[in-house]
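Common to both upcoming complexes is subunit A, partnered first by subunit B, then by subunit C.
After this line comes the complex of A and B, so read on.
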């Protein structure tokens, strides 16, 4: 299982423009496996990504907007994509302006494979 | 899904039943029109305009309803009324421009289309129709008619869908936004069937303007409050990762595509689209919604 997760993170991290990827325990908000430019931020990033995804998921569910499939955050110096899969979240950090189509596709594939 | 929620329609219906000229008549008529209930929309407009004959948006909507039922003379009369009340009205100039073009009255078509182009020079349908009118209807310009040579064929080809007249959210539309009721700030965008609504949230997540077609009773407020918290956490996540200030959030769900973005002045804009809407459509629509939201909020 852990090899599968490491492979998934490696595959995402190799996409051009991707700065790092992280698999996060959705419930506990803890990093499971990941490659980030600065590993020291992984615990905080995992906790916040899980919390933002969970709250947003509840918000859209409560408003009859269905199940949240992905959450994409755009910021001045980068982008973050979070996709849900079973008990794990796939978190990908990319450079600003990176076309996220492929990243989104791969992240969803990984999320679906993990669910 | 472009329909207003059932609770909205019920509330508007009650208001209009009490007073046919209540401001809700426009929202109700537009909702009926989107549902394809044109006769009901027409009756509501006519009853309201009996009591409020100078209501510009009411006449403009009536023109569209007539146009959609093929009653172009009546549509022209309504647009002419709109122009008497609001001489620079884009939709009326455009509508009349197309009608004259169809009739082969190129001078009149050109006059109206030039006025429309002055308000919105970027409108491609107006640009193409104006080129056709200036050429005296001979040879439709590239992209306008697929090469139709006759005046009437060219005019048909450039005649926009009736709904398009209510879809434009450019500078002209934004200019009218400040005088609207808060829930109807984004109504120009509703004619696009992929647009499900938009909300402006204040710093506490309270809904300040707009509405979502599918929020349900109280749903907008619930959504607003929880999105407010999610935005806070997203901003903190961006901070932890060192990627700067957040600029937008795009959410894919089973039932919707949602975009959240800062509007300025501490406000957040939420735009909802159908789940099959492309991301780039959402980004363009969010741009237009931001212009409308900023104009309304004065930020």
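After this line comes the complex of A and C, so read on.
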């Protein structure tokens, strides 16, 4: 199982423009496996990504839009894509301007494989 | 133990505790010293509950510390208990003056990761307070009950006790 998770993170991290990827325990908000440029930010990234996903999921549910599959945050210095899969979240951090089509496709595949 | 400056300490802790509750999205936060004296609380509205949680936190801390010593660990970092609806987080942290214990109770609006993230910042903020920069005398089993009551009297309205 842990090899599968490590492979998934490695595959996401190798996409051009991706700075790092992280699998997060959705309920605890803790990092499970990750490849980030700075490992020390993994706990904060995991906690905040889980919180953002939970809150966005509630907003989406409240608007009767069904279950949240993934969402994207865009900022001046980077982009974050978060996709839900079972009890895990797939978090991908990419450089600004990176086309996220392939990232989103891969992240959803990983999320689906984990659910 | 902290009879003289208790009001000052309680006032100083109010803002860091409020910020922790807001940022970590916990329902309840208490700061207790190892003798069970309550120094700050936010979230509980019943004096009886606060007294119970404060004394249980001090007892859990003493047991966990003894267990850590038995297993050759220098100290324990935190205790996390997951209930059906709520979760309990209990963690000791050091200030230059003394060791304190943070107790946080949260539901699915928060997570262990979020609590850990803001706990670190909270502990640093409390350690930087002037009220916790000088070493104080420690409490004892004999002063446990008196310390607990002194803390409650300062924090809870009289009609809740």
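To be clear about the criterion, the second predicted complex is superposed on the first by the 115 of 115 C-alpha atoms of A that agree within 3 Å, B and C clash if a C-alpha of one lies under 4 Å from a C-alpha of the other, contacts with A are read in each partner's own complex, and residues count from 1 in each chain.
Heads up, the rule we're going with is that a contact is a pair of C-beta atoms (placed from the backbone, for glycine too) under 8 Å apart; a residue touches a chain by one contact, two chains touch by 3 or more.
What you are looking at is a predicted structure, and each value in this text was computed from that prediction instead of being measured.
Which partner does A:66 contact after superposing on A: first (subunit B), second (subunit C), both, neither?
Touch status of A:66: first partner only.
By the touch definition at the top of the document, which applies to A:93: first (subunit B), second (subunit C), both, or neither?
first
Does subunit B (first) or subunit C (second) touch A:44, or do both, or does neither?
So A:44 meets both subunit B and subunit C here.
Figure out whether A:28 sits in contact with subunit B (first) or subunit C (second), or with both, or with neither.
second
Could you look at A:78 and tell me whether it touches subunit B, subunit C, both or neither (first, second, both, neither)?
Touch status of A:78: first partner only.
As a test of reading the superposition: which chain, subunit B or subunit C, is in touch with more residues of subunit A?
Residues of subunit A touched, subunit B against subunit C: more for B.
Take the contacts of subunit A with subunit B and those with subunit C, and give the residues found in both.
In subunit A, residues 44, 48, 51 are touched by subunit B and also by subunit C.
Mind listing the subunit B positions that touch subunit A in their complex?
212, 214-216, 219, 222-223, 226-227, 229-230, 233-234, 236-238, 240-256, 258, 272, 275
For a test of understanding, state which residues of subunit C touch subunit A in their complex under the given definition.
The touching residues are 25, 108-114, 116-117.
Any idea which subunit A residues touch subunit C in the complex?
Within the complex, subunit A touches subunit C at residues 24-25, 27-31, 43-44, 46-48, 50-51, 54.
Name, in rising order, each residue of subunit A that touches subunit B in their complex.
Those in contact with subunit B are residues 38, 41, 44-45, 48-49, 51-52, 55-56, 58-60, 62-80, 93, 96.
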